[in-house]
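Both complexes below contain subunit A, partnered by subunit B and then by subunit C.
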Partner chain A sequence: MLQVENLTVYYKTIRGYVQALEKATFTIADGEIMGLAGESGCGKTTLGHSLIHLRPPMNYIEGRVVLDGREVPVWDMEQMQEFRYRHISLIPQYAMNALNPTRKIGKMIAELLESRGVNFDEVLPELKRRLDLVQLSHDVLKMYPIELSGGMKQRTVMVVSTLLNPSLLIADEITSALDVSTQKAVCEMLVEFRDQGFVKSTIIITHDISILYQIADSILVMYAGQLSEKAPTETIFQDPRHPYTKMLIGSLPKVGVRHQEERLLGIPGSPPRLLNPPAGCRFRERCPVAFDRCVEVPPFLEISPGHSVACWRAY
Partner chain B sequence: MLSLERVTKTYRLGAFGLQKLIAVRDVSFEIGERQIVSLIGESGSGKSTIGKLILRLIPITSGKICFEGTDISTLNGQSLKEYYRRVQGVFQDPFASFNPIFKADRIFRMVHDEFYPEMGAREWTEKVEATLRAVGLNPPDVLNKFPHQLSGGQLQRFLVARALLLDIHLLIADEIISMLDASTRVDVLNLLADLKARGLSILFITHDLSLGYYISERAIILYRGRIVEMGPTDKVYNRPLHPYTEMLMEAVPRLDRKWEKEIRVEREGGLAGSEGNGCVYASRCPQAMDICTQEEPDLREAEAGHFVACWAR
Partner chain C sequence: MGRYLRRKLLIYILTFFVAVTIDWMIPRFMPGDPVSLMIARIGTRPEAAEVLRGYFIKAFGLDVPLWQQYLNFWKALFQGDLGVSIWLYPQPVIRIIQRAIPYDLFLLLPAIFLSWFAGNQVGALAARARWLDNTILPLGYLLTATPYMWLAIVLAWSLGNVAGIFPIAGAYSFAIRPHLSLQFILNLLHHWFLPFMSLFLVMFGGWAIGMRNMIIYELESDYSRYLEALGIPQSLIRKYAFRNAMLPQITGLALQLGGIVAGAVATEVVFAYPGIGYIILNAVQNQDYFLLQGCFLFIIIGVLLANFLIDLVYIIVDPRTRLGMTGE
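Here is the complex of A and B:
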């Protein structure tokens, strides 16, 4: 179980702090797959990375992270070494293209495990079992990354990053470069890994909300560095309470909707700059129901079990 | 208006161009007046190659592309310039389409110098501003700015506006939505629908099936350089005939239906055109029969306007 309280992370630039993540407070239960959705630049990747690798120019400002009852010292790069990979694992964006091209997959895994003080031969039977599970031949261990297709590389990365049964897996845009058919297989593997108990909690970061509808148990929507809404997936789609969530869901083209019959609407305007952002709710300039109160930051409050929202109109 | 007849494009690969990659093979289709046609395919299916061939950015290997009755490969000099007055393209990455050291509106000046050198400055400014308003931009907000000061959606609309400054009849829109955020992509899609209402035809190249459904009346499904199915959008989507289209429709993440729970890893095939004989999809097809690996199926009309290339149908 992951608990995040008031986590605030800024980027330090010459012109001041870019306020990329503001007082993030949420929990993820054991076995929960949480989707993290939002537009580019909303802070979703910052949130994911700050839980494991909070390095400059990212600056820890305040907040705490508790994983399975244990404090995670996200502000300390050295102490985090113990958590990385063993307890918290990250699949960064484009990870499948970052495999070392000069190492065979097996050698690369052995070196990785060695750096964590784990014996490769002890883990090998389990590794093979998991390769079988994702329908990869054991031969990939003797292959170079260039010999694998995109889907095979992504599956390899998923097996490697969950090999030590981390408590938390953060998957950043792992489906965005894949074809439709491979995308589905990779998504189903995330669910399978959870069902098999390889990982306890999962955060899937993606801009593609239809993927989250398929596999996520809950969805956290972010806007301009602030949390807007978190709720079970069905609730986000059926009964969204934050105006941003409503407009975002409403703007998605669905198979079965054509422009002649139902003209979808986008959200006018663009997100504020996060260097000296306006006070209060950051969505208020694009919000159709904004009122005086919105100059104060709305708290992220639980309005019904498992459903939290930050909007003065929703309480 | 535009017709492709048995168009094939082969790229040469390797150190001396000894290897061949058939990117597009025997592709024939038409785009009529005021039509939006979706060209749908996964990566490597040849969809962007077709767009580039129509824009004459790369030479054709065999076959013919005719625009309003004229074979476009015969165009040169003045006639080619006339062609570009009528046919323009907009591409995937709006940031890569601009030179970052110049202001973004330089593209309009270039159109002026090349195509309308006789037009006066005031008249031209009015035309640019009217066009910008037509694509939903407020001219004072976007003119005289550098590309990094504008958002992806604004830049993409800039590029559409650049195309509209010319008297275009056909717009090749190659993945123009995929780099945009959800809240702005619908606006660009609606813009395309509005342009169609004003008499434009659009070839909408995409890998995203739900976008194709929203905007187009005809859909063409490509697989490895071959058309496997084409027809009216609702028929292709709701009653797909080709096993590949069926697989796509089932795998696309939808908001109205959840995936059936099964892990099915698609078998991976070789490169496009490397199989030689037989159907391009045979190595992945669950319904493949003997004939599928021996002979290539032709595109046949299964019902009015709905074509499929499959032996099992």
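Here is the complex of A and C:
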């Protein structure tokens, strides 16, 4: 179980702080796959990475993270070492390039595990079992990354990242570079990993909300560094309460609608810059239902069990 | 694998042919001609000079048309005959080169390998901490930007002339005859030190900067960041980065080693060190076609050989080349 409270992370730049993540508060239950959605630059990756590798220019401002009842010192690079990989792990956005090009994959995994004090030979049978699970031949271990296709590398990284059964897995844009059928396979593997108990909670960071519809238990929508809405997947699609979520869902193509006749809806305008962002709700400028109250930051409140939203119109 | 090597070999043979042809052409396109220069040096009466000219032109095979000279040149080459030197007439070119090469190897092999090794280590170290970077980087730039002969002159002047610690000319004292004894070896090393240092320092700066930049690039690369996120200790990440950063450095080393036979012209001239570089200068000044040709021939062979060796080394150290050979 992951609890995040008021987590605020800024990027330090010469011109000041870029306020990329503002007071994020949410929980993920054991076995929950949470989708983290939003457009580019909304702070999804910042949130994901601050939970495992909060490196400069990211700056920890405030907030706390609790995983399975233990305080996670995200602000301390050294103390975090213990949590990384063993308790919190990452499938990075750049999974295609995440393997050292000059090491055989098996040897690299062995070196990684030994360096974390894990005996490779003990893990090897499990590693092979998991390779079978993601439909990779055991020969992969004797190959160099260059010998694998993009999808194979992706699956290899998935296996490597989850090998120590972390409590929390952060999967960052893992489907972006894949074709649709591979996307589906990769997503199903994430569900499988959860079902098999390799990972407890999963955060899937993506801008592709339709993928989340298929696999996520809940969806957290972010906008310009602020949390907009978190709810079970069905609720997000059937009964979204935040105007941004509504418009995001509304902008998805629907089955059976011919878009020659009915234009696909977009969201007019663009997100604010996060260096000196406007006070109050950051969606205000683009929001069709904004009113006076929106100059104050709306709190992220639970309006029904498991459904939280940050909008003055929704409470 | 076999196909890869065969293809490489073919390319090298072709390169050799073209390079040697150019090598044959260049001295002949220099203004002036060597025989006149030689006769002027002898300073004899005009009638005798005419006779001598006829004799020398025949002796050097310059009396036939150019295309025939070219063919004769290849014929002689395959018999291991590089001709007779004009500058040191009548010594065969091959003998002169043979005499000079040990000095080049003795001077350049340690300079290149030690500077490569030390530069890589120090460069990798510089990428480790900011204060090291702030001291090593400017020093590296300063060293690598220094012209060889300028540093050579500064060293010769400061440690040779002013301090009088090191001799500044020759490979050994003129008073001593080469023989195998501790005294001679010490004398040799004593003379070797300044030319060595002047080469070592400049090369060292270049290697250190190259390595430092490569390491930083590797440490910023995706695989390093992935490992960091997984909490892998810095020692292992650095090990990977170092190994991967070495690859371009190995290519650089190949290029340096290829030029080894060429000697270090400027350094050898400053210290009157009797390597190939020193000989090349004299061959140019004396319009010595054959000696110049011979020197360049050895340089060509050296460069090609070194490149070929590095091709082989690459097969071992970089799996990506190995795979490229079988595929496609």
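What to note about this one:
As a convention for this text, the second predicted complex is superposed on the first by the 312 of 315 C-alpha atoms of A that agree within 3 Å, B and C clash if a C-alpha of one lies under 4 Å from a C-alpha of the other, contacts with A are read in each partner's own complex, and residues count from 1 in each chain.
Keep this in mind: a contact is a pair of C-beta atoms (placed from the backbone, for glycine too) under 8 Å apart; a residue touches a chain by one contact, two chains touch by 3 or more.
Just so you know, these numbers come straight off a predicted model, no measurement behind them.
Once both complexes are superposed on subunit A, the partners subunit B and subunit C fit side by side without clashing.
Angle at subunit A between subunit B and subunit C, computed from CA centres in the superposed arrangement: 70 degrees, to the nearest 10.
Looking at the superposition, the partner that touches the larger set of subunit A residues, subunit B or subunit C, turns out to be B. Contacts of A:D208 after superposition: subunit B is touched, whereas subunit C is not reached.
Shared-chain residue A:Q81: touches subunit C; no touch with subunit B. Once the two complexes are laid over each other on the shared chain, residue contacts for A:N97 go to subunit C alone; subunit B is not touched.
Of the two partner chains placed around the shared chain by superposition, subunit B is the only one that A:E192 touches, whereas subunit C remains out of contact. Using the contact criterion defined above for the overlaid structures, shared-chain residue A:E296 touches neither subunit B nor subunit C, since it reaches no partner.
In the superposition on chain A, no contact is made by A:E62 with either subunit B or subunit C. When the two structures are aligned on the shared chain, A:D139 is found in touch with neither subunit B nor subunit C.
When the two complexes are overlaid on their common chain A, residue A:S115 makes contact with subunit C while staying clear of subunit B. Put simply, the nearest alpha carbons of subunit B and subunit C end up 6 Å apart when the two models share chain A.
By the touch rule above, subunit A contacts subunit B in their complex via residues 39-40, 134-135, 149, 151-152, 155, 179-185, 187-189, 192, 207-211, 213-214, 237, 247-248, 251-260, 263-267, 270. Of all residues in subunit C, those touching subunit A in their complex are 221-223, 225-233, 235-236, 240, 243-244, 247, 317-320, 323. For subunit A in complex with subunit C, the residues that touch the partner chain are 49, 52-53, 55, 80-86, 89-90, 92, 94, 97-104, 111-112, 115-116, 144, 146-147, 157, 161.
Contacts from subunit B toward subunit A in the complex involve residues 42-43, 151, 153, 181-187, 189-190, 193, 207, 209-211, 213-215, 233, 237, 247-249, 251-256, 258-259, 261-266, 268.
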